[in-house]
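There are two complexes below, and they share chain A, which is joined by chain B in the first and by chain C in the second.
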Partner chain A sequence: MTGRRWYVPWLFLTPALALAALVMWGPLANTAVLAFTDARALGGGRFNGVANFARIGTDADFWQALGNTVTYMLVVVPALVLLPLLLAMLVYGKLPGIGAFRALFYTPVVASMVVVGLIFSWVLRSDGVVNAVLLRLKVVAEPLPFLTDSTLLLFSCMLVTIWKGLGYYMVIYLAALANVPGDVLEAATVDGAGPVRRFWSVTVPLVRPTMVLVGTLSAISAAKIFAEIYIMSDGSGGPGGEAKSMVFYIREVGLGVDGEIGYASALSLVLLAGTLAFSALSLKLRRRNEEGAHA
Partner chain B sequence: MSPRLRMLAGRGGRYLLLCAMVVVSLGPFAWQLLTSLKGAQEPIYGADATWLPQHPTLANYAAVADTVPVWRYAGNSLIVAVANVLTNCLFGAMAGYALARMRFRGRGAVFAAVLASLVVPFEVIMVSVFLTVKGIGLVDTLAGVLLPGAITGLSIMVLRTGFLALPREIEEAAVIDGAGEWSRFWRVALPSVRGSLAVVAVFSFLFAWDDFLWPLIVLKDPDNYTLTIGLQYLSGTFTNDQRTIAAGTMIAVLPLIIVFLGLQRLFFRGVGEGGVKG
Partner chain C sequence: MMRTRRWFVTAAVTASLALATAGCGLGSDETATPDGKIPAGELKGEISFATLALKPTFDEYINGLIKKFEADHPGTKINWIDLPFAGAQEKITTDAQAGTLPDVVNLNPNFAQKLEKQGVFFDLEANAGDVKPAYVPGAWDAFKVPGQPGGYALPWYLTSEVTMVNKDLYAKAGFDPAKPPATIDEALDQAKKIAEVSKGAYYGVHPALENRFITDLAKLGVPLLNADQSAWTFNTDAAVQYVTKLRDLYQGKAIAADWLTQNHSKATEAYSAGQTALFPSGPNFLKVVKQNAPAVAANTVVGPQLSGPTGVTNMSVMGLLVPKAGKNPRLALEFAKFVTNAENQLAFAKIVTILPSTTSSLSDPYFTDISDGTPESLARKLSAAQLAKAQNLTPVQFDDRTKAAVIGKIQLAVKGDLDPKAALDEAVAEANKLLAK
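Up next is the complex of A and B:
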């Protein structure tokens, strides 16, 4: 179009760009700078080279938080790639009332993590309903310490993450399944393939790009896990703080009593590197998938 | 078995599985709801607890309001969520419109910056954002709570996709009528991307309403708490009264569930159209 004054697009962009500069790009640049200083909430702020990164190497708390976060991902990501796909297949297609089921399965996504965390802390406490059922069925002789044992607490948080994520990823898979031609599945049925065979040899290859996407999204959100652990441990990070996640630890270091902003910034950059690695890996896998599809 | 019978059996099995999943998805909410309705004398722990309240009462809801200013917290959450909906819809649409419909120097760079913002998690920058918010004196204010979510890369991208799909002719007619840039945007383009606006509105609202980490960082004074922080505070202060906590969580989640279930048709259609695809 002609006759447009050059600054007009910028007038449209200014509010968004100004806000993004203030709360996104500025702080990101600041984090990158602070990571090389000894900044604290009160004073400090001198350049100290890679001292923060050297400190990470010998910081047992960091390694524990990293180990917890990685364990978390190893359980949660495969579960969230597979289970929502099965759920999506269950609610896929035209069946009376199926839309209502979809909406009901999505409900946990709408509820805030705090509500969900409080509900599950209530259900999973040692005198809670889950233990009552387990005791009555004689599965266990004593109540399981779901919330007061570090390992079990982490496991309980994973359960909550998976439970709450099911509906979210189900919707993503539904969009992918809509693109799977129905006749392919029918042809496989006619050829005598059972449901399990059809799932692995027809459905999975067709939705593989979406599985990569879901894997990436769930890996990135598992890397940032915080609220589940905070709420289910009542803010403590588990007994002795042994169930802390990366974000839990960063918040504690950077915004806690000491406010070690420089060190927390270095930790933040490690987290950023980790999540970027997953994004890059996903992009690569999806490219390969696309090439495979065109070949 | 005849094929027809087999089909019916298959369908029956499927409904059975679906119902089992409903119990898994909604069971915990139901248990919490029923707990919130139980009287003070009823057992709520362990094997003695029954599903249905024997003496249903709303006293626990009154008790929440007596212990913490829960309506005030809900009001605070509402202010933050509505403000984030407005800023994301308006500023996101303005930016998305410029990126989709205007040619100018630097467009590629702006687009790249928006795209790049999608891969930087908030958790990475939260310490620095706190320093910024502290620097401009907004710690412990609702303005401080709403600032980081006021515009997101996702809102801009969803709205840009919406504007890209508009046919040229719509705008050209307005140009011939002599409409300026702003009135073309406001009167012609914006009303045509209602679906995308709905998606952005729903996601901004839910994100702001459900957020926990940032309000936990920025709010200190219990008077300013949003609902999520207020609930955690309630549970931390009154751990012995599960009925009250249950009532508090229901106050936070029931309106949301009801609104969602009421709008679910619109919601799923919007998600399908809104370019939230892999």
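Up next is the complex of A and C:
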């Protein structure tokens, strides 16, 4: 550093910082300011203290949306931590043509969410393929209301999220599996460990930091779930809007000529705080794991 | 060194806050003179013209209009943008906030009114009063703000719904296609019979609650708002009976289960796919059905709009508005006048089954001539004849959030999760909460 001015590194950072200020921190600060105002889509904007946050406490729609979002996270996150790992184990081997398999599993990741949502809507509707099969096999006497029962709709959307996320997280796990030392696995095999034992006692502990990372990423995605619910409910959030997620509700509050921008901003901050708290917890868990691994 | 860093952090935070607060509020780049008049000036330059869901069906007509206007006024350029109906309100609101609305905007009164109230558009009574007598008075008045002087749009095209009937499906249930249902009650009763005969292969009607519910209530004589429009009042006995009827149809499988949350575009798809025998909709949708399902269109007959005991029918209005934030409002106004003049509206009505909002065009024999025997010409005649008694039955207060709250409750009632009376009471309570904000 001798002979260099202190501001030289900052000069290099300036373009990136300016861009971040413009597209990330600026809007975020704007949201933080608006959350304490009565701003509407057109007009308003007077400071109203913590009135928006106080309103959240008695807003039944908010609690319903929060409940749906938490349920979403509770189902989707464990599924997206475990299933892609199992999938990665299956396609990890060096078999001829395995690359094609991996690419095939990755296809849903690059497919447009709108297209995927529409396809699943067709598949799951009352006269769709799934109901046709269930009826033919006499598993059900009547078509299941996958799209018109709020609970079933929510689970149908979770299925889409999991299906679409499998390939993405599988790729992350493939990278992690590449770092699992082969000699450790060999040693375990020599010691008589079968595939299941090797998976739980060797692979899982070694990829645990990646599992925490996948858990964090999938939790953040689940917290802001929107498109699946919007498309599969025809924009309604399910009958009576009972399957709305947090982001769906924030959009509904803030959009349109009557949009309550101030209140929607307060709701967004609550969602941000929740997501940050979860991420911080995951980070701590990850650090503890790493420390444990190095101890 | 430490002090310099602290200075840098303070400057960065201040800059980001300034950036943040700069994002608030309406765009204020207005070109109006202090008295709200559009400044005089030469007709030169470039403007943008935004329509609602006219692409790609009407490309030829709109592009033709633009070419003719540009040829008549050398040195002008009109850039046409078309917004899909879904999401248009959000886009327009965002543009209004940012002060980047197109120079001429095509909106209906429900989309426009809140913005009109905020003074986003030029008062066209003050700026284009000379052409006001050319338009149907009801259509001009649709763009007035209650309690506020002025009128904010040049009315463009009008539609007044008719009832399309799939002859084969209707006849299979024993009904005469030459006598389509005349009332809402009749249509719902027939829907029950059609579903009984079809055994789930097709249905009588698609509920399209989001689009039909509130206008159906108005036709049934249910008072939607109180006299001074300060509270919603549609939780009446007649409304309870109507919702109960819908619930019974849904639970009796006379309405497909998945249709509960669907809107008009899905209703159009269902009719085009031969899944419904009756399709109450604007006659302009005959063209959409014809394009997507020529066989269904060929098998379609039309009847008058479904009504209720009051006999009142619904009319939808479209208008062209000139935002104050536009860069060239003189050119924008002249272009809007050109698009909505009698000659151009008549030409538009001749390629699609809509009605012009100019009185002289409406008196053209084209709107009474059914000699070609096509459903389009009959729809046009029925629609034009209905106009005398038609009103825009959707109150401007029935905005997107109110609609979502009300229709949500009705969906629960139709599904059987909520008693119809309780659903209507809750819907009114929710709608009133939103109205009070």
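Just so we're on the same page, the second predicted complex is superposed on the first by the 273 of 295 C-alpha atoms of A that agree within 3 Å, B and C clash if a C-alpha of one lies under 4 Å from a C-alpha of the other, contacts with A are read in each partner's own complex, and residues count from 1 in each chain.
The rule is short, and it goes like this: a residue touches a chain if its C-beta (ideal position, glycine included) is under 8 Å from a C-beta of that chain, and two chains touch if they have at least 3 such contacts.
As the structure is a prediction and not an experimental result, all values here were calculated from the model.
Aligning the two structures on chain A places chain B and chain C in clashing positions. Look at A:240: by the touch rule set out above, it reaches chain C but stays clear of chain B.
Once the two complexes are overlaid on the shared chain, A:45 sits against chain C while remaining clear of chain B. More chain A residues lie in contact with B than with the other chain of the pair chain B and chain C. Contacts of A:132 after superposition: chain B is touched, whereas chain C is not reached.
Within the superposed three-chain model, A:252 lies in touch with chain C and out of touch with chain B [touch as defined at top]. Applying the stated contact rule after C-alpha superposition, one finds that A:84 touches neither chain B nor chain C. By the touch criterion defined above, A:165 lies against neither chain B nor chain C after alignment on the C-alpha atoms of chain A. Within the superposed three-chain model, A:120 lies in touch with chain B and out of touch with chain C [touch as defined at top].
Using the contact criterion defined above for the overlaid structures, shared-chain residue A:25 touches chain B and also reaches chain C.
Of the two partner chains placed by the overlay, only chain C lies in contact with A:145; chain B stays clear of it.
When both structures are laid over each other on chain A, chain B collides with chain C only at 77-85; the other stretches in 41-49, 77-85 or 365-373 stay clear. For the contact definition in use here, the residues of chain A common to its chain B contact set and its chain C contact set are 6, 10, 17, 22, 25-28, 30, 34, 127, 234-235, 255.
The touching residues of chain A, counted against chain C in their complex, run 6, 10, 17, 21-22, 25-30, 32-34, 39, 41-43, 45, 125-127, 143, 145, 147-148, 233-242, 252-253, 255-260. Chain contact summary for the complex, chain A toward chain B: residues 1, 4, 6, 8-10, 12-13, 15-17, 19-20, 22-28, 30-31, 34, 87, 90-91, 95, 99, 101-108, 110-116, 118-123, 127-129, 131-132, 135-136, 163, 166-167, 171-172, 175-176, 209-210, 213, 220, 223-224, 226-227, 230-231, 234-235, 247, 250-251, 254-255, 261, 264-265, 268-269, 271-272, 275-276, 279.
For chain B in complex with chain A, the touching residues are 11, 14, 17-18, 21-22, 24-26, 28-29, 31-32, 35, 45-47, 49, 87, 90-92, 94-95, 97-99, 102-105, 107, 110, 113-114, 117, 119-121, 123-133, 147-148, 150-151, 153, 156, 175, 181, 185, 206, 209-210, 212-213, 216-217, 227-229, 231-232, 235-236, 239, 242, 245-246, 249, 252-253, 256-257, 260-261, 264-265, 268, 271-272, 276-278.
Of all residues in chain C, only 1, 4, 8, 12, 15-17, 19-21, 23-26, 86, 89-90, 92-93, 96-97, 111, 114-115, 118, 120, 210, 256-258, 260-263, 266, 399-401, 404, 407-409, 411-412, 415, 417-418, 434, 437 touch chain A in the complex they form.
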